[in-house]
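Below: a set of structures, written as structure tokens.
The two complexes that follow have chain A in common; it is paired with chain B in the first and with chain C in the second.
Our next item is the complex of A and B:
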């Protein structure tokens, strides 16, 4: 009973997402359009330089990495940082913190509740686009297993990073600058436009230490082709960065909640 | 065992508010050299509440009412002083306290906006760990008492404000709290919705002994719901006593606003004092203690001699009541031993 409450939190978020079916469909369409743009872009690039592979990856491989990374990234919407910021700014925190649950776990399970339906729709539509534009991917059992482990961890990491950013609202009220940095970091180093495998070696070596590739790029990369050493590296990075993000979120919440200053009613 | 359900001693809350001068220059200055002003929202309040009491905690905007409620419910941490609420220290034992209290903030919603209220109730049943059978029984009772059955399955966004507020209160009562904190529960509601909510809160208090701690700007809420009134202003407790005594002492007038079809220059009723007059509207102030007869006479006269477009009857606003309290400082008294600071001033800080 004590922990089943969190499953109910996830469940109501699933229900709520399903009420936004037109919005879900719209976002899925956006993902499909992006996949078409990327297919066109990378096909033209490879043709221009007369290459069939770059760093061992062909156009189909890149497109499928982007199919996965884009769908995973879109599934966390609406983003946790903005939700927590709104709670702090609007004062609805008055309701959300005085209930018999852990505030952080409440948002954690809310996030996973949102991810469920979003992911199904996004991956379905993006995969359809991938199949149409570059054909079926070749996913082995090992790559599927590794990809799923990394995917679960990448959602946990994304949640706690976004949560920590949202909790900064206890001090700054407006966290949009931090959110912007975070999303741009994901965009550039998170393999959402350019897979890390295509980065120049020096830049890639630096980028691999950042939390962003450990998010949605890591499962996307492993799903497309299994690499044992890379799997271990990504898992290590995920565990390390997730630990840091959890500690930050817990610290910020504990400090923040003591300093809540709600104006007026 | 302590009989008191709430004990508050010398409660204080100070905030730091960033200051900025007007204009672009002010913005740059604030960026380089930020200035803060310390605001004391609550300045040493002490009171006790017995189980089952119905209390109105009132005061003008910025008086410290909501800040006090938020400290009582564990949302804000006091700067100093102590609180025991249902046996717990709210700021340290917030999760335990949550099982014993219900909160309704009239200007905020706890219901899932796009889902029917019943979905939120199902979630709250799990969150508060209410056994299934008890939840069903409780929900059945509350649905009937608050008459929300017709719109239980309607998404919250489609409900009127009155319907939504009834659903909000039900959400706060599912876990059988021993104290219900209501912060402006009737704000923005029409007369009928207000009456309905007052009636059901009162019934709940009588039937289940739930302690009601209410803040409101509506003198009607206070008169019909609370047996005890505490008035707070500038963070200090100014009055703590029976609502009847408060009403007799400070709610001394009612205002009647008449909108007429004809010109008001022929209006010659001698009841009350005309405070405002325009071509088709007239405002009359009546003594509250003679209200029923006076209003009856005034309305009879008006209906007999004029075609009435609209009639409004107002209680004096809270700001006006507080102003009168200050004006009557020497006459202040409390009807029991709970009281308080009878110092007419100072008003050192604005919250």
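Our next item is the complex of A and C:
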């Protein structure tokens, strides 16, 4: 009963996302075109260096990795950091924190409510593009299991990172610069264009310690081909970085609400 | 009033709007600096991604890091031209949905121009700085290449503006199109950062007729790498067509607008 209100929050967000069908269709189209571009890019790249595989991954493997990583990454929209920033700036946060629910949990379940329909549409359209351009993927039971575990954790990690960034609005008003840095961190090290497996070795070793590969790249990488050691490493990174992100979000929220003044009315 | 006098007046007013918007943003100095530097770092991050890519794969069909540097310079400069001076074009869908167009309709000025010029994207100043930075650092700079860089980016900005207005004006026909419009624009930017010589056949047709990256990325890059008058002519013609189509489509779509009778106080 205590937590049923959060399920209701999630349900409302599912309905709200489904209502915006034109947005979902637009996003699906964008994801499909992106997969088309990636297929073209990596086909040309592999052809240029006369290779069929790099570090054991062929073009189809790379494309499927990007299909998954892009679909997962796009599913968290609208961006939690921007939503929280708007609430802090506009003052509507004062309304929310007076309600009988946890502000952070409210947004957590809202986020998962948005993720559900977005993920279905994105993965459906991107996978269709993947099948058309490079054929069916070969996903084993082990890789599916590992991928799903990492996927769930990556959404939690993404939410709390975005949440912490949005809460910085208590001090900086505008958090767009932090949001860009976060998204670009995901873009560069999160395997959204260039999978980490294709990075130069030295850079890859450094990047593996960052939170970004532990997000959407990790489930994508494991879904394409299972690697037990890599699974354990990504899980360890996810647990470590999620703990840091949760602590940051809670700390920033508690410090930030002290600055909120309510005048009634 | 003579057409050229009318155009000069519009340009002057646009510059005045932009100046006022920038001065207003500078009131919050920290926020202003964070936005500009943030965008600069943001663009540098994308450049870094491609730098890493070309460290792993030194060339794609002969396309190398310097080509990508040229591409990024022209694309970000075009973007900054559009969004420093005409940011409102990217907000049309939101303005229509919120019924805020009433405000602009009450003025004798052209609605599309007024909506577009009334807002400025401050972080786009960071894009402009990045564009000049990467151009001077990584491309062969001569007087000619610099002039071509400015002219090609300006013409590409015309195409980008036209595309923005058309996609945003879809809000007159269907509600909740904001995210989709933004996605389409991001797709245009997305096309603009990939090696352009990989786009052939069907995907090239898409970049010419659907998402006009051929005009905002391929031709500007080609003009700086290997200048040719016909290519410049095609780009300028594309810009004129894009802006004309945008104006006509917006005017036609505006007939569908229904006032929300929104009452707001503007500062």
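By our rule, the second predicted complex is superposed on the first by the 260 of 265 C-alpha atoms of A that agree within 3 Å, B and C clash if a C-alpha of one lies under 4 Å from a C-alpha of the other, contacts with A are read in each partner's own complex, and residues count from 1 in each chain.
One rule holds for everything that comes next: contacts are C-beta pairs under 8 Å (C-beta built on N, C-alpha and C of every residue); 3 or more make two chains touch, one makes a residue touch a chain.
Since the structure is predicted, the reported quantities are computational estimates derived from the model, not experimental observations.
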(message) Is A:9 touching anything from chain B or chain C once the two structures are fitted on A? First, second, both or neither.
(response) first
(message) Just checking: does A:141 make contact with chain B only, chain C only, both, or neither of them? Give me first, second, both or neither.
(response) neither
(request) Considering only the touch criterion stated at the top, classify A:229 as touching first (chain B), second (chain C), both, or neither. (result) neither
(message) Comparing chain B against chain C, which has contacts with more of the residues in chain A?
(response) C
(request) Using the superposition on chain A described above, determine whether A:101 touches chain B (first), chain C (second), both, or neither. (result) first
(request) For A:202, decide between first (touching chain B), second (touching chain C), both and neither. (result) neither
(request) Using the superposition on A, tell me which residues of chain A are in contact with chain B and, in the other complex, with chain C. (result) 19-20
(message) Under the stated contact criterion, what part of chain A meets chain C in this complex?
(response) 19-23, 25-27, 29-30, 33-34, 36-37, 40-41, 44-45, 48-49, 77-78, 172-174, 176-178, 180-181, 183-185, 187-188, 193-194, 198-200, 203
(request) Would you tell me which residues of chain A are touching chain B in their complex? (result) 1-2, 4-5, 8-9, 11-12, 15-16, 19-20, 90-95, 97-101, 258, 260-262, 264-265
(request) Over in the complex, which chain B residues touch chain A? Could you list them? (result) 15-16, 61-62, 65-67, 70, 73-77, 94-99, 101, 103, 105-110, 112, 114-115, 119-120, 122-123, 126-129, 155, 183-184
(request) Enumerate the contact residues on chain C facing chain A in the complex. (result) 28, 30-31, 34-35, 37-39, 41-42, 45-46, 48-49, 52-53, 55-57, 59-61, 123, 174-181, 183-184, 186-187, 190-191, 194-195, 197-199, 203, 206, 211
